[in-house]
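Lettered A, B, C, D, E and F in written order, each chain numbered from 1.
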């Protein structure tokens, strides 16, 4: 069986196969073919791939027609899709519901739909990327923040520590907390899931509990949408918290729904000039007022940053982890005995990720 | 104005209680079992009484009831003495510092 | 035949050797030496006694025969018994001492002349009291130890056996013994003496049956103490300093030891000893699990001892370390161990904690050098050659069920093979499962020692115990 | 006596008087006047100043003519200087040797020439700004670095910790070490002064000693220029160190001399693609090959960043500390009894900072 | 007049009360109770003696007069003496005990009949030996204590006085005492007895003069031990159990205490006791400064005790904490203190360390909450209301010379007023100055305790001692 | 076959040494001085000997040399008893826990 991948469309910088995973694929008994110059933008030369047994083809068309399984970050464009063999497989992460491509008889797996079970952890793209996003969101915010973050008591006076507030303590939120804490900020965080409290505290952060709140956790560990009353209480609590914060990192999401709007215009009005809000949820609708995709909005001296693809800021690390996720998924899909990909609908992982009409 | 030896014995008894009290205060918990076993072995000093019971007295007849009890007591105590000390030794063997250590 | 004075001096010497023996046993470095002191003391006591009685008739031959026979049996038992049967062995041995004390008392009662205590039916009052007390305590020790032995051996159920009025009956029996001794002194009638012994046998049984199996070590130490008091009692009868010193020593040290052990288990001494009371609500919930599978429950000192004497230790941190914020204490513990020449590595499971890289953040905070931190693939083969795995607040990531049970929710996840280490220490607060909600069978393994406590607290306590 | 300050010329964003120090000046018995809109770019409104007793004048000319003492970050332009009263005082930090302005009889103090004595610590601009520069250099480098810095062992594989090398462990270097360490990098540093070793280690960094090196420390705590032989040995040591490093922060300076050239073309060639070099010494000539003022040069996938005024990246914090330094200096210069500025040439601080023909 | 048996029982009781007294004194909670036990024991011993001698002639009046006179003097001294003169006071008291022992021995020697030891020139040999030993040790205690007293009082130079052959002379004198006692026994000639006492006086002097003032506490404890042995010797002579038990108790506990004190000072026992040897290179360089200004040298246990019992502590970290990387241990210490109910703040001087914000970086690493960290201006007034300042590796930033000496290089720098605290603890490795190279006079203040050690090590040790 | 009381005394002496040894092992350093001072006070139990010296004997003449020594010894010991215990009491006063503590 042949696995292939082609360059992503700009601005996506990540790739799906690294020299390291090519080798793993080879060990598994699979051949890999890639488009020429596939990893160049990340410093992976074609030679590095060849050394690991990869066949470098002249262009993307060649790859598409040759492979039994294509793995990519995003959906290939329609013309490329047309080239795919029938009954071949496609693994991507973002699936943007484009019905048309399903006409052809190809199996599309979207890793975004992985079940949150222990066995799937090594394939969990959402986790691996959210983790990096949380880290990077803090770096971006600190970069934009025009003061020093850590406390410094010096001969020329004391620089107070910056206060960083993290909204949503999922994977991204936790890593944001950890990173902010490391740099020396005073970190607080809030979430609707009550288990998040212990987790936040396990990283040295302070948890802001919404008083009298129910636990809005689903069986799968995700959040449910909050009640109107809860939202009101949360807003009250956050208005004071935000006015004291220098940096706010928003990471709250509800699977399958628009991201909750948590930071309101009013809260932003009460913040200090020079503060920064980083909205990681911007592509799902944003947690913060004023946030716009791929723009930095300035309101009363407060910067509100919305970055749709923050992974482009550390594409190398992101690709390494993504490629490993893909590899783990393929290993689960591929049967070494039958030497083919087996779509076992009893396997929760395969069942959930396969996109059906 | 001689003092009754009993008083002396009482003094000795009381002081020995103090010593017993202090001597184990600082024991490491991992040594609880060996300590218990060595104390057990030591308590078979009762054999002293057994020997007196078996040997003492005027009669040469060793099948006198009181002597027989003495001999039985000797067996019991002897089991305890050998068993107790040897088992302690075995247990302590396990606590030997590894040779790999500097 | 040596003079009374000389033998008294030797008895003193043997008493001192016994003191040194106990002293030696209180620290690992001097423990073997302590045992030797004990042996020496015993040899002196025996030799001096034989010499001072000075009867070298044929009796001495019998004496030697019996002695050697007993010695052979004792040695045989000592070598054959498996190490795991230690507690019941000690209990068994105790019963012998108790019985020996009873025999000696009987012997003295039957033939007081041989001991200079007067003549039958005309025994010195003080001696009569002393020998009765010695016999009574010896008898209690005997039956009590037998019960403890049976419980530990599993021949008798380890569960506490209680019935109403238990304490009342014990009290009544105790009083009756006093009354009997009183009448014995008054009338010098044999049957009172025998009754004392018989009732004491009964008390021994009644005292121990209501005590649960978990508390047996304390009971054994307590019986140890009893055997000491019995010996002291006999010592007063025989006017023998060695017996008095050693008896008092064993008596008080045994009592203290049981007290210390109670403290170590966080139990009240009274509860344990009064059995029945404690039994109802004793069972130390932390240490028990629903199915009553047994776990080995250790404390900070045990852990410190094990690791200090190991040559290599692998630390396996998990979410519990993060919750307890134990990273700093952990680092300190590792520093101490390194000073003791122990090699240390950290094994980080890819999903330990609740966030990717959770453990790395915390270990970096505690300044753990990166080159001591290993990922699963790099370290999993090392466990087999390692003395101790110190699992601190981790659970799922060590659970071997992931390798064996396809139905388990964590099946297929690679796990750290901590169980391949010689010993595994688990620091967690209870037996409750981790994130995945599955029980971890490692807790019940033979080479596992559970350290139930908050991870930070426990680690700090361990630090205190490493020197 | 009247103290004044005017807006700096672009691109300088720092200011010399903050509302907080205005108040301190007032308490000392001095009046303060400022140009309209003086602190606006940092979020300090004219009102904030007025509340602290500052007189706001219409334009810079008014301030210049009115004040007895002008404090600024950089030298005012010649026309402004002309307006100064004779015998008035000027305190700045950077003095760029423009002889002409000395014609008029004004006392110019440059805080850059402060002696490094304990008493002068609260006025020490070099320290207060270098400290922030060290912090910010790390933030800038990490921002440019396209991988994650801290080690993360995750289900999708391990992200190795970045290796950061700091050249020169003075004030800036030490803060850079501290900041890099906090974020989770593996930090090493080198310096020519041997006392730096203990200091680097006191922050948890590793010190790279040049073998058989002499201690190149002056009495004042600064570095001397290194011998040829030393430089050779240092280069050898650094070639291996650099090839293993992901980020290099250069802070080495020798007072009154051009900055030593430490990172050579050859070293850069051996570095991994994706690495970042931040040259804080760029305005004094640079420690690194290829580094250019206010440019980011890319050589073989390695970014070499030269930023002449890094303080513009956190102007608020920098201004706060700078203003405190100025205040401490003025307090030392001003005599409360005589109610005037006293130029006491016996005072080491005044003697050293006063610029003579 | 009471029977010998009864009085022996009471003597035993008083011996036990003395044991309990010492036991009580080993922990602060029970110490006052311990003292009461001691008083009680003494009352019993005195009463029983008077009753058992049973001589109620006029002598008893004199006895009471002398007793009350002595008591009055003792009480007067006890109330008047300043607390700082404790060590010399104890030394002075010792000399009295020593002399009393000598007097009792002389009395027994002169009038053996009164003690049932035979008649003059025909004293029981054993008693003669015992009383000579008692007298000799008493005499050594007497002169030794006097010398110690003079040294501590400053009347005699505290410097060790050594000369060649010192040890040889001591040895010769020691042997001559043995020889004299031997001849005394053989000939019962008075002058041998007096010579023994005289030579012993000499030995006492020679033993103590070569010992330096810093080691005096150890010496006092050692002399304490001697006085115990002297009492025991007399006890054997008088066949008095109280004296024997108490003498042995005091003798051994004193010896152990001096051993413990040596260990605490990191000195070898032999060095201290053999004086001369130790003296040359003893003077514990760490504790001394060039001008021989005295500093108070404490250890971890003292520090732990002080802070545990304080209600507020301010931590002042400096460059030394950074060098030692003691921040984690410090945090742990603070956690423990908080659990003891102590209020803690950190005072950060603007230039502490070697980089702006140096301390902040490290404290943040150790997770110290920001709201416990105060800058100089905000905390400087708090020192006056604080019990303990714990200065860890800081020096210049506390140096009051910055406020007073315009010539000093740090003049004009604001400093932390740690000296306003009730007690100041300085953790550093030596008396050497900090960055600025100026000596810090705080080290020599009365309310300062120097803790000479690496900051991390010391902090860890303190942690161990806080419970 | 009576045992010489000396042997008993010796036993008592030896055991008391052990007790003394153990009883101070665990003392807190801050209590060293009070401990020393209480030990000193206790050692003035020598007064027992002094009392015997002063009172015992047949002669009613209290100016006998041996008695005079006894009386002097009584003074010395009494100073010590009162001084020792009182000073200890004073020292221990300082160790009282603060009342401000919970």
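Just so we're on the same page, contacts are C-beta pairs under 8 Å (C-beta built on N, C-alpha and C of every residue); 3 or more make two chains touch, one makes a residue touch a chain.
These numbers were taken from a predicted model, which means no experiment stands behind them.
Shared contact partners of chain B and chain C, listed by label: E, F.
Judged by contacting C-beta pairs, the busier of the interfaces A-C and C-D is A-C. Averaging C-alpha coordinates per chain places the centre of chain B 80 Å away from that of chain D.
Distance from the chain B centre to the chain F centre is 35 Å, each centre being the mean of its Cα atoms.
Computed centre separation for the pair chain D/chain F is 73 angstrom, with centres defined by C-alpha atoms. The residues of chain F that reach two or more other chains are 2-3, 5, 8-9, 11-12, 14-16, 18-19, 23, 25-26, listed in rising order.
Each of residues 121-122, 127-128, 131, 150, 152, 154-157, 159, 182, 184, 204 in chain D touches at least two other chains. Residues of chain C in contact with two or more other chains: 15, 19, 241, 245, 325, 350-351, 356-357, 361, 364-365, 367. Contact annotation for chain pairs lists A-C, A-D, A-E, B-C, B-E, B-F, C-D, C-E, C-F, D-E, E-F, with touch applied as defined.
The part of chain C that touches chain A in the complex is made up of residues 319, 322-323, 325, 350-351, 353-358, 361-362, 364-365, 396, 402, 409-413, 436.
Those residues of chain A whose C-beta lies close enough to touch chain E in the complex are 150-159, 161, 184, 186, 204.
Looking at the complex, you find that chain F touches chain C at residues 1-4, 7-8, 10-11, 14-15, 18. Against chain D, the residues of chain A that register as touching in their complex are 42-43, 121-122, 124, 127-128, 131-132, 135-136, 139-140, 142-143, 145-148, 150, 152, 154-157, 159, 179, 182-184, 273-274, 301, 313-317, 320-322, 324-325, 328.
The touching residues of chain F, when paired with chain E in their complex, are 5-6, 9, 12-14, 16-21, 23-58, 60, 62, 64-67, 69-92, 94-95, 97-98, 100-102.
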